[in-house]
Amino acid sequence: MAKLSLRNRLWHALTPSARSKGLSSLNLFLGAAILLAVLLAILETEPTLSHWASVFWVAEASLGVVFALEYAGRIWVAAEENLKTPWRCRLAFVVSPAGLADLVAVISVFFWTGGAGGFLLRLVRLLRLIRVAKLGRFSRAWSEIRRAVLDRREALIISFGLALVAVLLTATALYFVEGTAQPEAFGSIPRAGWWAVATLTTIGYGDVYPVTALGRLLGAVAAIASIGLVALPAGILAAAFSEAMRGRSGEPTS
Amino acid sequence: MAKLSLRNRLWHALTPSARSKGLSSLNLFLGAAILLAVLLAILETEPTLSHWASVFWVAEASLGVVFALEYAGRIWVAAEENLKTPWRCRLAFVVSPAGLADLVAVISVFFWTGGAGGFLLRLVRLLRLIRVAKLGRFSRAWSEIRRAVLDRREALIISFGLALVAVLLTATALYFVEGTAQPEAFGSIPRAGWWAVATLTTIGYGDVYPVTALGRLLGAVAAIASIGLVALPAGILAAAFSEAMRGRSGEPTS
Amino acid sequence: MAKLSLRNRLWHALTPSARSKGLSSLNLFLGAAILLAVLLAILETEPTLSHWASVFWVAEASLGVVFALEYAGRIWVAAEENLKTPWRCRLAFVVSPAGLADLVAVISVFFWTGGAGGFLLRLVRLLRLIRVAKLGRFSRAWSEIRRAVLDRREALIISFGLALVAVLLTATALYFVEGTAQPEAFGSIPRAGWWAVATLTTIGYGDVYPVTALGRLLGAVAAIASIGLVALPAGILAAAFSEAMRGRSGEPTS
Amino acid sequence: MAKLSLRNRLWHALTPSARSKGLSSLNLFLGAAILLAVLLAILETEPTLSHWASVFWVAEASLGVVFALEYAGRIWVAAEENLKTPWRCRLAFVVSPAGLADLVAVISVFFWTGGAGGFLLRLVRLLRLIRVAKLGRFSRAWSEIRRAVLDRREALIISFGLALVAVLLTATALYFVEGTAQPEAFGSIPRAGWWAVATLTTIGYGDVYPVTALGRLLGAVAAIASIGLVALPAGILAAAFSEAMRGRSGEPTS
């Protein structure tokens, strides 16, 4: 094979689907830059770090340059897709979801001064991680998880539906039993529902809890039942993953 | 095939078991109406929403009209079951559990002013969801979950029995160790049991907790043991679902 | 078959291993009496129920008579084991663990006025439930659970060992990070360990929690890791139950 | 077989890989000494036990003598590895990771007066437990757990990645919804993240929680979603262990 042009080498480095396995160093660097940019967007919301604002500004601007260079590079190398129609390929990249996400990542640098809009724009950077996460050997794990969840989606929906019905029945019971003793916490179904959700998911904040003997008895019954609510989807997913793996390992033999 | 009468078309739309798969638009609409009616019944118990009472009244009345029309329609099309004895079929529907649940859904509108009786009557609407949930592809997931749980009911009962014994032993231990230090929270087995249930189900409200060194040591041991209590039913259910799926996929080959 | 004597019929009713399946009505009654006796022993520790003492006394005395009659009956019918040496069989029953547990159940009635010794004696009644729980179709579920747990005991011990190491490392980290800020809650490894156990088992009482930024960061890392700590034994047990069930269903074919 | 020398017998007792199965009494004793030494290091950090300091000192010194004797013994018997080059074998042991860990265990006795450095040095003793844990029948369980986790590492990394994204999205949502009502607890993404981690891992300390209606609604949705976050890795690990066990039991037949 003849010597590869710079554009072709850059295309192979940026577009990992063209590689057999693993990630190129360039993609690892860009992945780290995306993670750093998301981390910066998170830390910028913390008021006690406001005296570091200039550091954040420099870091954001540097990342903006990196993302701008990457965006320009991706437009340039898009021509490698089909060498006969380079500009058509480039236009196709610009209007593709991946290209738009890259453009947003560059633009979002100029919204760093904060506000909800600027922050949400920064979160779009997370979408770009999907491109990295889909690469190499993660790609098979992704598709297995998706397949296992989708294969059993009816059973999972039913188990979440049962969880909601359990929350509703528990909240109703405590509303009748504890409503008069603690009107602030159990004085309506939605209020008792906050306690029921925290109990049945085994979170248990402890901001509200039954104080009457009957309320505690019903609460204990709900707590024991919560074990089954967590165990049901865990069991369904475990079986789905077993099935997916057996299907994969069984394919060559059958 | 000859042109179908209006009654026949309505019967096919209302009775999804007569359809090959999926839900008719009419049944989707009725399912949404049931969910909305349950949501209304929940929100009406919230005192801070009392100034929205007239909105609730209009919504309830509208849903009442929908349910009344549905009830009348179901009686009318029940004749399609057996064209020779239309009135016998209609009577059979009225006294069937599904027909009674539909009647309650209509009647419950007139109890909207609240009170425990009226609320419980509204919850009966949830039962009607079962008819929707049993349809189409959910039907197989339902029967798989039921079969997996029923197949292993002895093992599940034993694991819940072990959980109760663990609660009893933990409560007894903490009653002896913490009872004198915190008589209000650990002064009897039932009181210590409230803490033991919250701990072993990993809820952990934090309203009561051991404060003595020995109490905390025993509490930590119980906490570590709680991992096994949650893992046991999860493992049993996972194996049961695996078995159920293997049985299903294995049927054609054996 | 000739007419069975009263002693033989009573023997069949009391000794369910001599029956093909299910529980005799007599054993169901005795099982309920044991559960009631345990419930009474629990409720008697509650000081706010002390004005019900006479009710408890009557109930305990009645159960004592039931257990005494059962004990006498079991000694009488033990002769059916081997008709040639009736008194040897009866002596063997009296000194067997089951016979001693029955004797303790009778004696414990006279310790009802309370105290730790009397209460513990009452808990011995729970042991007698094992005899009931081992009967009929529960017997196979029991042996499956035992086999699944014992088969994987090394893996389960290792996963609990990993949990303890995780608790130790988390407690050490928080002791160094939070020890100066909250000496009362994190001022030593054992104190920080109480928080670490509550966190890694996902109980989260909320009586103590890190307040410094670094402490919360480490706490969040520990919290995420706790998902794996719960998932590991659940996965091990799920695989063990799958194995046990496959072994059972596979036996006829191999 | 000729009479074995003392050095050879000691070598067999200290080096369990040379034994067919189980642990020698000497290794069990040393394992217990390591556990005791770790326990002592933990308890020495507790200020309320400072009047027991002399007891701790004696125990530490005794364990130091035991570890020193063991270290000397291991150097002595290392010659049995290759009888022709005894001193080369001994030097190889001294500079091996196991030999260095043993040396640290002896040295750490002299740092018992406390301080972070001395404590961390003591924790190195835990590493020596690995040598014990790798022995006999635990060795297979270890390798199975390692293999199950490593086989599915991509899926596990993805499920933890999904957990982090869920934490980020939940924290962002609550930051916008609750940030103004509770600036101290939800006034920035990192602050809201502390609540989001405690909620999605089902820990639920209860030090912070949403108070507005919309915040509680979003919190309840996050709580329900947390069931799936715990179930996903549990299911992946369960399938991996099933696979590992099937591979093991399937080897003789295929």
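Going by the order they are written in, the chains are A, B, C and D; count residues from 1 in each one.
By our rule, a contact is a pair of C-beta atoms (placed from the backbone, for glycine too) under 8 Å apart; a residue touches a chain by one contact, two chains touch by 3 or more.
Since this is a predicted model, take the numbers as computed values, not measurements.
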Between A-B and B-D, the pair with more C-beta contacts: A-B
Equivalent interface positions on subunit C and subunit D, same or different at half: different
C-alpha-based rotation, subunit B on subunit C, 0 to 180 degrees, nearest 5: 90
Inter-chain centre distance, subunit A versus subunit B - centres from mean C-alpha coordinates, in Å: 29
Distance from subunit D to subunit B - Cα centre to Cα centre, in angstrom: 42
Multi-chain contact residues (two or more partners), subunit B: 190, 193, 198, 202-206, 230, 234-236, 238-240, 242
List of subunit B residues in touch with subunit D within their complex: 202-206, 234-235, 238, 242
Partner subunit A, residues of subunit B touching it in the complex: 38, 41-43, 45-47, 116, 119, 123, 126, 133, 137-138, 140-142, 144-145, 148, 156, 160, 163-164, 190, 193-194, 197-198, 201-207, 229-230, 233-242, 244-245, 249
Subunit C residues touching subunit D - in the complex, by the definition given at the top: 152, 154-155, 157-159, 161, 165, 168, 172, 175-176, 187-191, 193, 198-199, 202-206, 209, 213, 216, 219-220, 223-224, 226-228, 230-232, 234-236, 238-240, 242-243
